[in-house]
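Which chain is which? They are A, B, C, D and E, in the order written, and residues in each are numbered from 1.
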Amino acid sequence: MARFLRGTDKRIGAVPGSLVFIGEHRMDQTRIRRIAYTSETMEETEHTSIADLPAPDGGVTWINVDGLHDATVLHQIGDRFGIHSLILEDVLNTGQRPAFVDGGQVLFLVVKMLRFDQEEKKGIIAEQLSVLLGDRWVITFQERVGDVFEPVRERLRNRQGRIRTWGSDYLAYALLDTVVDQYIAVVERLGERVEDLEEEILTGANHEVLEKITTYKCEMNYLRKMIRPAREAIQLFARADSDLIEDQTSPFLRDLQDIATQAAEAVDTYRDMLTDQLNTYRTAVGTNLNEIMKVLTIFAAIFIPLTFIVGVYGTNFDNVPEFRYKYGYYVLWGVLLTVGGVMLRYFHKKGWL
Amino acid sequence: MARFLRGTDKRIGAVPGSLVFIGEHRMDQTRIRRIAYTSETMEETEHTSIADLPAPDGGVTWINVDGLHDATVLHQIGDRFGIHSLILEDVLNTGQRPAFVDGGQVLFLVVKMLRFDQEEKKGIIAEQLSVLLGDRWVITFQERVGDVFEPVRERLRNRQGRIRTWGSDYLAYALLDTVVDQYIAVVERLGERVEDLEEEILTGANHEVLEKITTYKCEMNYLRKMIRPAREAIQLFARADSDLIEDQTSPFLRDLQDIATQAAEAVDTYRDMLTDQLNTYRTAVGTNLNEIMKVLTIFAAIFIPLTFIVGVYGTNFDNVPEFRYKYGYYVLWGVLLTVGGVMLRYFHKKGWL
Amino acid sequence: MARFLRGTDKRIGAVPGSLVFIGEHRMDQTRIRRIAYTSETMEETEHTSIADLPAPDGGVTWINVDGLHDATVLHQIGDRFGIHSLILEDVLNTGQRPAFVDGGQVLFLVVKMLRFDQEEKKGIIAEQLSVLLGDRWVITFQERVGDVFEPVRERLRNRQGRIRTWGSDYLAYALLDTVVDQYIAVVERLGERVEDLEEEILTGANHEVLEKITTYKCEMNYLRKMIRPAREAIQLFARADSDLIEDQTSPFLRDLQDIATQAAEAVDTYRDMLTDQLNTYRTAVGTNLNEIMKVLTIFAAIFIPLTFIVGVYGTNFDNVPEFRYKYGYYVLWGVLLTVGGVMLRYFHKKGWL
Amino acid sequence: MARFLRGTDKRIGAVPGSLVFIGEHRMDQTRIRRIAYTSETMEETEHTSIADLPAPDGGVTWINVDGLHDATVLHQIGDRFGIHSLILEDVLNTGQRPAFVDGGQVLFLVVKMLRFDQEEKKGIIAEQLSVLLGDRWVITFQERVGDVFEPVRERLRNRQGRIRTWGSDYLAYALLDTVVDQYIAVVERLGERVEDLEEEILTGANHEVLEKITTYKCEMNYLRKMIRPAREAIQLFARADSDLIEDQTSPFLRDLQDIATQAAEAVDTYRDMLTDQLNTYRTAVGTNLNEIMKVLTIFAAIFIPLTFIVGVYGTNFDNVPEFRYKYGYYVLWGVLLTVGGVMLRYFHKKGWL
Amino acid sequence: MARFLRGTDKRIGAVPGSLVFIGEHRMDQTRIRRIAYTSETMEETEHTSIADLPAPDGGVTWINVDGLHDATVLHQIGDRFGIHSLILEDVLNTGQRPAFVDGGQVLFLVVKMLRFDQEEKKGIIAEQLSVLLGDRWVITFQERVGDVFEPVRERLRNRQGRIRTWGSDYLAYALLDTVVDQYIAVVERLGERVEDLEEEILTGANHEVLEKITTYKCEMNYLRKMIRPAREAIQLFARADSDLIEDQTSPFLRDLQDIATQAAEAVDTYRDMLTDQLNTYRTAVGTNLNEIMKVLTIFAAIFIPLTFIVGVYGTNFDNVPEFRYKYGYYVLWGVLLTVGGVMLRYFHKKGWL
């Protein structure tokens, strides 16, 4: 499956807005976690179906759905919270490009959560997060079960900062902030490796360095593909002219946007750096080749003429007068050393030695 | 014929708006298929001339014309539906760039339908689709007979989704959605091959890889040329301030635009990837050359001096004292092995071994 | 003379608006052709001086001036039709960049007419065309005598299409349409050659291919320099908010602009293609070099050690025991074949064979 | 730690607006220097805590804080001057991207101060400067103790120019002007080295040049990352529609913006120059390789055939008639010289000699 | 001193608006030339101090100052004509970026005058020109004494064109027109050399071509740095909404802007051309290397095996049966010719011959 574009060919000609799960990871069970809180009270519950959810009371409700394969859950949520079927379709399609939709009664944001693979071999893994922000509620959909939002839950439980006293828009911000902080972390980690490469490149031509450059470039391209549209989506979210976002939350959203911009710019910087590194590596390879060829040429240019000369005196002609000279052999050595010395001086003068 | 620009040189100085077919594929017969439907009734008929078409009743009429060589048909359609001759000219010119024209009473959209050649050897094939959207009617023109719209017909027949109850704008959307889904499918398929190439590149210098990169690059360029203006055209269509598009259809058109954007961006990503791959391949070739030259240099630098030495003792001088030494031959071997060993150490120290 | 910039250094410090011919081709005689027409009548006359021109009557007058060296003609035209001296200066300067000027009472457009040299050796030739559109008159200036507008004259004579019934703006459009159609023709022809090159590139390193790439690139750059500003000028013309352009002509001008855009985009596509081709060619050259060096290395690495071995037994030491062995010579061959075989296996294993 | 992105991964999931120092350099003691002045009076004091600060009287107060690790100081400042906690968080995060925030009652600007490392080995060092401009006060935060603002203090003490008579906005301008002048100085110094490189590049292939190009490119990238957003921030500052900036200061801010633009453009120019230099260097390496290979080929192509010929006459066949010829040996030399001469002429004709 | 950025580091921390000369060329004497004219009268005088200048009467006054090192002159001018000290500072700083400032009562424009060095070795020389346009006066500052404006003076003296009858804005235009015409001349001259290079590149690898490409690229970069901001400055000047510019001058300013644009675009074209040329040159070098290596490989691959064969028969084994054969030597030649012929055919088949 193409990593840089995926999944929508299953639906050519399908009814738009029809809910078909397009993705790779199916879980046995969809897991629904609900937190309802006011500044005084807080309730955490876990459910397996939407029907079980208690009716909202005065506070803010956050529903987190892990696992997306079950279209029924989505249908029920769509019905209960009045969400357009095209938005639900986007939630199900895990190949969705990060985007923001202002649906009037609901704001919808798709972004990718990024992390390194545990074994760090397979590179960066992206998981889709859909955030729906309504009046006094937030619904989040994750592809797989994970505890990336645990710090937010902790802050809710411990009444840290403003999170319990402000509205659902601030909760949405807090969740997205976690995601964007992940971006910075992933880019920084990969970036360190790229910067470490700088040294290795000049030392020389081995395939390993080339492979690293190629791999990192590919990962950076992947990051770029994920982070840039996320930044745009967050920008649109921050600037949305919606009653769902209170004035006091605006500076936080702008800050979020700044961090996303920083991540996106760092990715571009590292991409450029990798391009430069490939050029430098190629040039270093060329320089090495020159060194190699100088060695070869010096050896060949010195010994091939000498070998020719001794070859001449290896012939079996009857009348070679030099053979009869008393010091012929020593004269030969004299000639050989002279020729060799001249060649050495020539190459020295050329600066090859 | 130039693949990236075609066909208009037949008309230098011709009267603008004159209907001359510019294209490659002529069919024996133009085929006209008509579907007229309301939410209750639906009628499918096939005709060979426009004159046969029944007058529209209350519902939506979709006329699909396969085969474009017959200018008469176009003239009749132009007359009957009141279409500007420049638009008709664009329909006939299959080298037309994807575009959108708001003609007031009629919206006109030209895009390319893309698919892989059956045998998948000749690469991607583009066929021009012209969509005319009027009040309660849609006319589509295809270069060749095909059944790409069969899923839409099925949905009409089976009353799937909203298609039977909403207006002609939704029908136009449904048709374009099919086309754009094709884009995603084609890009994804070609993209997979590009991603598969990533591995092959590092292993080494063979012309096959180079040929693949070149071919894919060319196909991606072709896709880009087709998809980018199509995206623009769809964007203009989605934002058109026209009475022909109802409010309820707008989110669907925006969704369409998002998918087209995704396809266009993926093409750009793959193009960049191919450029990177060519660079990497070139660098791998350079690295290989270094390896080859190292092998050559090591062999030459070790054996050429040795050959010179034995050459010296192959001379036929009368007075070579070494010849008379009892262990001369064994001393020779000692010298040879020493020189050879020194050379090996030298190259080992240089890191070439 | 610099092909990509020319001619204005003759006038450093000259009075702006002074009429000095800057160009290469001077004709013996300026040729003035006049066509005056209404929907009923049409009159074609030829003159050598402006003074001879009859006063305009009710219809549209088109004056075509071939040959620009005679500043007197321009002065007379300037006086008679009330044209700003800066515009006249631009008409005379054949190194003028394509541009559009809205002079209020007159619209002024400079573009380049492009064609292949007859012998097609010297590449593309550009000739400057200045179009002045006034109320019920069009004046065109060409550098040299040519019959590129003959099809338009034919349409005037034969009353084809709207040309005789619509105004001077449509005439200007018809003339420009001819020019832009030429662009498409020239780009297409050159583009075909570029596309044909695609095959040749992979086969290998010969200077001819490199020369072709370079030449075509240069021609494409030249086309770009001519077509891009022409497109802009046409765009400004099409969008000009002037009484001189009637509403009915607007769709035709927009169509003109679309065709110019298509030509400009095709040029860009071919330029990119040529850049890719140069890269591919360079890579193919590198790959070829690897092949060559493999051949050299295999020969050298196999035979140089063998030559060394036989060299050892070419020495004339008195006590070489091997010489005395009965089967010494055959053992030698055995050793040689073994060493050769080992080398062959080594290179086979490396994948070089 | 990644040099091009740093420090925010310590706070994933932390409460936004919580004050945690993110940076490398911690000092033992935060140092607070206060200057309060009117056009007549001026008072310089140094404090270790905010509580000690005297209440502002009628003049302008400038508080400079060196050392950022102590969050308490920030909290106190935030409370006393009414600054949003997100701004305080940005002050503490030394990995902050240069930015401008219009906080209504306070304008906030983060830029980097740049200087070469004392030993000039570690390259360019960036230190974060945060400037807060309020009504009749300016607060500046520096990472480390430094005397970069000493010239401004001198001007304050000596009543040079307008600084004592104009408001706090002019003080902020004067401080930023010092920073931007540093940019110019750093870019100029590095740029000189880049320009000096131009000569070295053509002379040939040594790793040192390659290393310099790579290092300077990296430094220029770093400068770019620091200066470009600083320019944007200054631009926003200069255009801010705020009561805190008086009309008379505007031309100075625009001038500041021009200088920042000049620095940013120079960086871009030098970056392009370095890219060109790498290309030129690579080409020079290729040209050198050709020279080397010509030398090798000439030697090999002349002496290898000659060695072959003498080899033929080194064979021990019984019946080689040439051996018996009286002048065989001299004929051999004739043949050798002829063959050698022919080869020399061949290479001369090829232009290799 | 860095050529692409200069001179402002002398003033870090200096009072903004303080007048310090930053430049390289100091003359012994500042030279002030004044021309005062009406349509009837004209007066040319030369002064050494501003105090000497007669008070303006009804006409237009043009004051030209050659040599900038004397800050006193500037102070006096600033006082007398009411010019902001920041503008005066820009006049003195000869490293100033071309810019336009609308100072209300005065329009200020800095551009560079460009010319080839007399000996044409040091490349292009830029000299700063500052133009101040006020009500009925123009002041120009040049770095060095020169007679570049002599043609304008001639036109003033000879009453050529409109210059004596129109206002000070037209005089400023006339002066700038001279400067921009210089741009065209310089670009054209350098461009011709670049175009001439096209031929030389394909013929082969010599360092001279590489040096030319590098030098021209550097000069083009320098031109770009001078001309592009000049174009912007002129554009702002042409579009300035100021009472100082009369309506009748506007078309001339737009024309000026067009010429500057043409120069800037030509520079870009030539820069691209040089980049292409470097690529082509590099590719030609690679192609040449292939040719060289083919020659080497053919020689080596043919003669090395042959040398091996004769080596075998140069051994001194007692029992080599071939030595005894009557025609052994002739058979050897047969074998040698056969092997040589086979190799030749092999390389012929490969297309290397």
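We adopt the following convention: contacts are C-beta pairs under 8 Å (C-beta built on N, C-alpha and C of every residue); 3 or more make two chains touch, one makes a residue touch a chain.
Just so we're clear, the structure is a prediction, and the values are computed from it rather than from any experiment.
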item: Chain labels contacting subunit B and also subunit D; value: A
item: Self-contact between copies subunit A and subunit D, residue sets same or different by half; value: different
item: Rounded Å distance, subunit B centre to subunit E centre (Cα mean); value: 41
item: Where subunit A and subunit B are represented by their mean Cα positions, the distance between them in whole Å; value: 26
item: Residues of subunit C engaged with two or more neighbouring chains; value: 282, 286, 289, 293, 296, 300, 304, 307, 311, 314-316, 320
item: Chain contact topology (line, ring, star, complete or other); value: ring
item: Starting from subunit A, with subunit B taken as the next chain, the full ring order; value: A, B, C, E, D
item: Residues on subunit C engaged by subunit E in the complex (per definition of touch); value: 1-6, 8-9, 11-18, 84, 86, 97, 99, 204-207, 210-211, 213-214, 217-218, 221, 225, 278, 281-282, 285-286, 288-289, 292-293, 295-296, 299-300, 303-304, 306-307, 310-311, 313-316, 320, 322-329, 332-333, 336
item: Of all residues in subunit D, those that touch subunit E in their complex; value: 150-152, 154-155, 160-161, 163, 173-174, 177-178, 181-182, 184-185, 187-189, 191-192, 195, 198, 201-202, 251-252, 255, 258-259, 261-263, 265-266, 269-270, 272-273, 276, 279-280, 282-284, 286-287, 289-290, 293-294, 296-297, 300-301, 304-305, 307-308, 311-312, 314-321, 351-352
